[in-house]
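In the two complexes that follow, subunit A is the common piece, with subunit B as its partner first and subunit C second.
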Partner chain A sequence: MIVDRQYMGVSKRKCIVWGVAFLSDGTVISVDSAGKVQFWDSATGTLVKSHLIANADVQSIAVADQEDSFVVGTAEGTVFHFQLVSVTSNSTEKQWVRTKPFQHHTHDVRTVAHSPTALISGGTDTHLVIRPLMERVEVKNYDAALRKITFPHRRLISCSKKRQLLLFQFAHHLELWRLGSTVATGKNGDTLPLSKNADHLLHLKTKGPENIICSSISPCGSWIAYSTASRVFLYQLSYEHDNISLRRVSKMPAFLHSALQILFSEDSTKLFVASNQGSLHIIQLLEGSFKHLHTFPPQSGTVEAMCLLAVSPDGNWLAASGTSAGVHVYSVKHLKLHCTVPAYNFPVTALAIAPDTNNLVIAHSDQQVFEYSIPDKQYTEWSRNVQKQGFHHLWLQRDTPITHISFHPKRPMHILLHDAYMFCIIDKSLPLPNDKTVLYNPLPPTNESDVFRRRTAHAFKISKKYKPLLFMDLLDERTLVAVERPLDDIIAQLPPPIKKKKFGT
Partner chain B sequence: MVQLRPRASRTPASAEAMVDEGQAASEEEVEHGLLLGQPSSGAAAEPLEEDEEGDEEFDDEAPEELTFASAQAEAREEERRVRETVRRDKTLLKEKRKRREELFLEQKKRKLLPDTILEQLSTAAQPGIKKSPGKLKEVNLQKKSEECEKGNDSKKVKVQKVQSVSQKSYVALRLKDQDLRDSRQQAAQAFIHNSLYGPGTNRTTVNKFLSLDNKRAPVKKAAAQFLNTAWGVQSKQNAKRFKKRWMVRRMKTTKK
Partner chain C sequence: MATLEEEFTLSAVTLGARPDGLLGVEPTDKTDHFLVTDRSRTVILYKVSDQKPLGSWSVKQGQIITCPAVCNFQTGEHIVVHDNKVLRIWNNEDINLDKVFKATLAAEVHSVHSVQGAEPVVLFRGGAARSLEALLAEPQQKVETVLSDGEVIKWSKFFVVFRHPVLVFITEKDGNHCAYVQMFHTRNLSKYTLWPGQEGKSVTLSFTAYVDRKFISLMSLSSDGCVYETLVPIYPSDTEKNQRLVRSLLLKLWSYGEHLFMLHGKCLTVIPCKCGVSSLAGALGKLQRARDPATWMAAPSGSEKHIEVELRKFLAKWTPDCHNLIGNITAGLLGRAKAEPAFYPRNCLMQLLQTHALSYSLCPGLMDAALERADVQVLQLCLQRFPDVPESVTCACLKTFLSIGDDSLQGININMESVFDYSNTEQDEKMEEQSGILRNGFSPEDSSCNRELNEKPQEPAAAPTPCPVTPQRAALLNGILCSAYSETFLLPHLKDIPAQHTTLFLQYLYFLYLKCSENAPMTLPGTHPPTLSQIMDWICLLLDANFTVVLMIPEAKRLLINLYRFVKSQISVYSELNKIEVSFRELRKLNQEKNNGGLYSIEVLELF
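After this line comes the complex of A and B, so read on.
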């Protein structure tokens, strides 16, 4: 089978086949750089049918399990759906037909996947698009909506509160920044001038081609740990006035191959590592070295690895969650399993333990938030109330999961959480909103009377000022740090897209 | 400087002083100082002289009686002591070297694989491609769990990857192959990049792409990137090449 070398009339460039699929009936489908999707008969080696679908490369192909439909992605950002349909309404003869084009990407679609109910495409424009196939979806609920995922649903930034440092995790390097400060004061809504600019302290590059999986900086700012797919690295930082020196702690224990999540305790004396084999390691940090304290083996009967960790501020409790099998709470003091929060259908996206009360707040991917009292081993009264009444429908329809939860040290009734598009303070002392109340009311109108304000006030205070919001945390009682990553900056650094003629430009 | 100069000329003088029993020594001393034309140098040299020989006295004190035999004995004693210290130093140095040598040997032994693995390596290498013993040193020890979980069947063992029996956490790799693989990987990456973004592909620039939206936007913004480094790449390269050639030509002509 030889692909036509002609490249849209110009024979200068060679035609490259970017992908092939072999179906069980002997049909071979090829996609190539000339923008063609071609069907071949493998028995005779002849071209059966050719579809010219793009002026640019067709880069990826994925076939459904039933082999009755497939999806291709082009360099123009278009995704085409091909289906095997009958030629006439009641004949058995079937034919491959191009059915639906989707244009959700602006750059090349480098990979596609075909799930039983959706087409998934990933492009160089950093988006992952999940497009449900409406004819395969049984219940037309909010889950059957188009999803566009831009940022990983993970915490990529960690913060050292004591030294006001932020550690940013990139695919192949880490960056450490010291936050700037201001001495000016202003009223609500003002942007104050910086008296001290933010400092770029450190740029740590990884060796080799492996990506960084997770990273963390200790609350005291003197330790940095990160993990790639095969190794865990630990560094000690020392600060002398403006100078910073970095020292690698060598000889990490041999059993630590790769970690899915790394966390330091609040006093920076312990390091918690969730390994990819399902066990949890506790490592004590000493000056310039470490000591392996304990390993919690994976729960019997489960194979999944823990991917989220939370430690209580007093250092007594460690909560760990995998993707499905509930949240396990360990006692760090007694080095044993304390309790397991009952499993829920949806994976956990964020975990945190409140100071003083040791309430574990759990956010799930279906936007439910639970509060579980670790000492009492049961859900708290507030959590039960929330479940009884249910969340506001707009809250449940948000697109991105909650990725970080934190608490105010002086206001025990507040829970601070955020996703990529909003930041929310839940005030547990206020009544919950029902579906008739307005959910997004960050500032109540000032011209209304107090009675009205009190009536409309509810537990959810939501701000959508910063988006896409990657990280938000309290530095101290009066300071909040937010990290916004504008998409324009990312797009400006992307590889160039295919040139398209636009009318009127 | 001042102290060194009299000392160099003193050695024969001091020997003379021993023979002349002191009296002449002081005269010599004065004479010497005058001879050098440095009256202060004599005074400065004297305490130093005292240190060296110990039997020289100041002018105002009477010189001590000293027989030739005792002086000779003392000198011999001195000589012996010096020789002994030299010998002791030598032996100490030797011992130190020996210890270091031993340490190196031990380290080397530690770095090398255990004997069983070495034996296995040699047996595995013999039937296949002849592998020089020098290459054993090249083996790179890498801890890889997934590899060590595989079986240790020596028949299955390739020449490049010899797995140990006793210590499962080691995998021996030849660095040469690794480099080859890396270069192939790089070549493949370059090919993909060239065929997607290389010359002849219908690509626009990021700036142009972003300006499409900006043109239609009600509020116009500045371009995302003001400076375009891609401009004039070819002419810049040509200029560079021309400059190099010109330099070479210049050098050739000047040589002639």
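After this line comes the complex of A and C, so read on.
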């Protein structure tokens, strides 16, 4: 089967077939750089039908499991839906028809997927777009809305509280920055003059073409670990005044091929690695070397790998979660499984263990937040109350998942968590908001009476000051660090999109 | 079965001034390349499929090429003889013929022959022949004379028979012809006298020959219109003669492979011909062929009614791939219309136009004929359907549309889809304002609206401008507005439009502009209305072409003032918009400075 090189009557030098799909009836669908979607009969090798849908490349194709619908993405940022429909209302003869075009991207749509209820597309403009198929959605609720995902639903930044360092994870490199400081003070909303600017300490490039999957810096700032799809790397950092030196720890254990999550213990003596094989490794860090302490094998009956880890500040407990099964809690001291949090239907998006109480706080993709007491092996009273009363509807309708949870060392009632568009301090001592309460209540004016303030106060203190918010953590009792990633900066770095003629010029 | 394709003229080949300027066309080692020799001074290597020459070589001034250039199939070189005795051999890479290999021979050359699979041979005027190689070994070698005094070579041909080269040439002396067969491997030269045809007066004009087993079949075309076949034995024997009656045209023909060359006066044309696969149906004459309907179309006997019926039948089974046929039919009809002024098959032309197969270039006479008869309906359809109407014709249509009387437009069925009944919307939208104003120029019964407008000028701000033309005329003018043009070619023609028509058209354009500005997207209602930019472009063009004239017309004064006001207001609007844009930019900058502490900042944040 040879594709036609004609492109709008002009013969292009070459025509690249970007994707093919093979249907069970023998139909082959090809998408190519000439902007065509073509249907071929694989038995005879003949072209059955050709749709010219774009002036640019058609780059991706995905077919629904039922093979009655497929989706293609073009370099113009358009996604087209094709459906197998009856030729006439009461005939059995069916043909492929281009039904709907969607334009949610500005750049190349490099990949598409077809779920039973939605078309999913992603590409150069860094957006992942989920377009529900309205005819397949049974309940027309908020889930049936178009979703545009800009940032990965995982933590890309880690923090060394002791040295005030931030480690940024990019696709092919890591950047280590030391935070600046100030000696000035001010009132709410002031921007303080810097006495020392932020320093770019390190730019660590990966070798080879593989993307970085996960990375972490130890709380003491002396270790950096990251993993690609095939290798785990560990580096030791030493600081002498303003100089920083980096030494790679060679000979990582052979069983460590690739990690989905890496975490250091609070005292920076242990490294926890969630391997892509489903097991959890505990590695003892020594000066310039390491020792493999233990491996927790995958839980029997599960094959999925753990992708989220949390360790208790006292170093005794390690919580790990995969994408669907429950959260497992291991005793690091006794090197055995302590308990498993009852399974919940929605994947975990963030995990953290509170100091002192060893309460495990779990955020799920459906925006539910649970608090589970590890010592008691049960949900806390507060968590039961929350479940009884339910979360505020606006909280449940947020678009992005919670990606990080942290705690204030001196305020055990506070839980700090954030998604891409807000951060929230949950004050467990305050009443929960109900659907009649205003959820987003920025700080009430100070001139209001205390009575009013107390009356309107509820447990969820939400701020939308920073967005898109990639990371937020407490550095110490009085310092928060927040990382914003303005979309304009990302767009500025994108290659120019294919210009479309809008006027007759 | 051979199919002759459409001929084309080898454009780059300009033949010498003399009628017998073309000396010969010879094949080369590449099937598509041919050597064309001009008697005056030039040899051209021509690539037929690309219709372009690949190389051209000329002899010096004062020299003259005396035999056609041939290709030496064994070496790929070209060979030509000029001034009867000078032999030249060269390659494609050689540029100057004067600097290539040269050999001056002892005797005058009649021709050089070369065929695939044999060494080239040189035939001298005296009847002797030598292989090229033998000749080049000793160019000045003595060449014997075979022919008698006054006997001249009329024609010669070179064959390879059973792998042996054979040269045949025919001489003439006092109206009698002799055939000579030169065998090279035996060095045997046989001579045969050809008997003249039945009528002794006829002159043999041309010869051609092919090898048929042991004979050379020699065909001769005689001036009596007969082609004679003579079988010349390759190995000595008596000559025979048989006769076949074939009507034939006087043509100098060369045929090589799939190319047939013909000389028409001073033009050399080539007809590519293909031998298709023979089929039983073809042999029985049952192959379906489209009947050329142009014959019944243009037949003077056919009445208009009859033609219409035939045309409808034809169009019913018409497929888009035979649009040439549609063009032919149209041309046929127009040809007849030209010959008989009373014949104008309007309905047929409309039907043909509806096929979408016609373009201006396919039937250039159509719009001229319609213009002549002021047939605005056909003109409208042409403007709408033809992608290639020349600017001069567009302008001629415009003149017709502007000048044709309103009463003549009344009964005509004009396509009105580009026109929206502006009067209704106006009434709906501005009912309160214009309760006193009755239906304006758009009502069919009021066709003198533009005069009214001029007589009773109204303040444009106070009341809506009525449409200055009838809906029929508006539809026609919209056709003009929507047709493609190039400014440079249109401007000179626009200058010829009479002043009062220019004014009317400007008024209409201004009216359309006002209509456009009434809604936010700046579009006109209707199915295919002119766009704002088309309207604006035409206003500019008209003013560019006729500004001095328009200035002098009192009726146009108000219009010009309105346009001036409009431009002024546009300028002020845009300058205000620019100011706002600058302010917004400044605000944004300020906002960014306030919000964005750069890459890194430390802020005080009171948390609850």
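To be clear about the criterion, the second predicted complex is superposed on the first by the 484 of 505 C-alpha atoms of A that agree within 3 Å, B and C clash if a C-alpha of one lies under 4 Å from a C-alpha of the other, contacts with A are read in each partner's own complex, and residues count from 1 in each chain.
The criterion applied here is as follows: a contact is a pair of C-beta atoms (placed from the backbone, for glycine too) under 8 Å apart; a residue touches a chain by one contact, two chains touch by 3 or more.
Here the structure is a predicted model, which means the values were calculated and not measured.
Touch criterion not met for A:312: it reaches neither subunit B nor subunit C. Once the two complexes are overlaid on the shared chain, A:57 sits against subunit B while remaining clear of subunit C. In the superposition on chain A, A:492 makes contact with subunit B only, not with subunit C.
Contact with subunit B, but none with subunit C, is seen for A:257 once the two complexes are overlaid on the shared chain.
On the subunit A side of its complex with subunit B, the touching residues are 12-13, 16, 33, 55-57, 75, 106, 108, 230, 254, 257, 488, 491-500, 502, 505. Every residue of subunit C that touches subunit A in the complex is listed here, in rising order: 533, 597, 599-608. Contacts from subunit A toward subunit C in the complex involve residues 179-182, 185-192, 194, 197-198, 425, 427, 443, 461, 463, 465, 480, 504.
On the side of subunit B, the complex with subunit A involves touching residues 143-145, 169, 195-197, 200-206, 208-210, 212, 215-216, 224-225.
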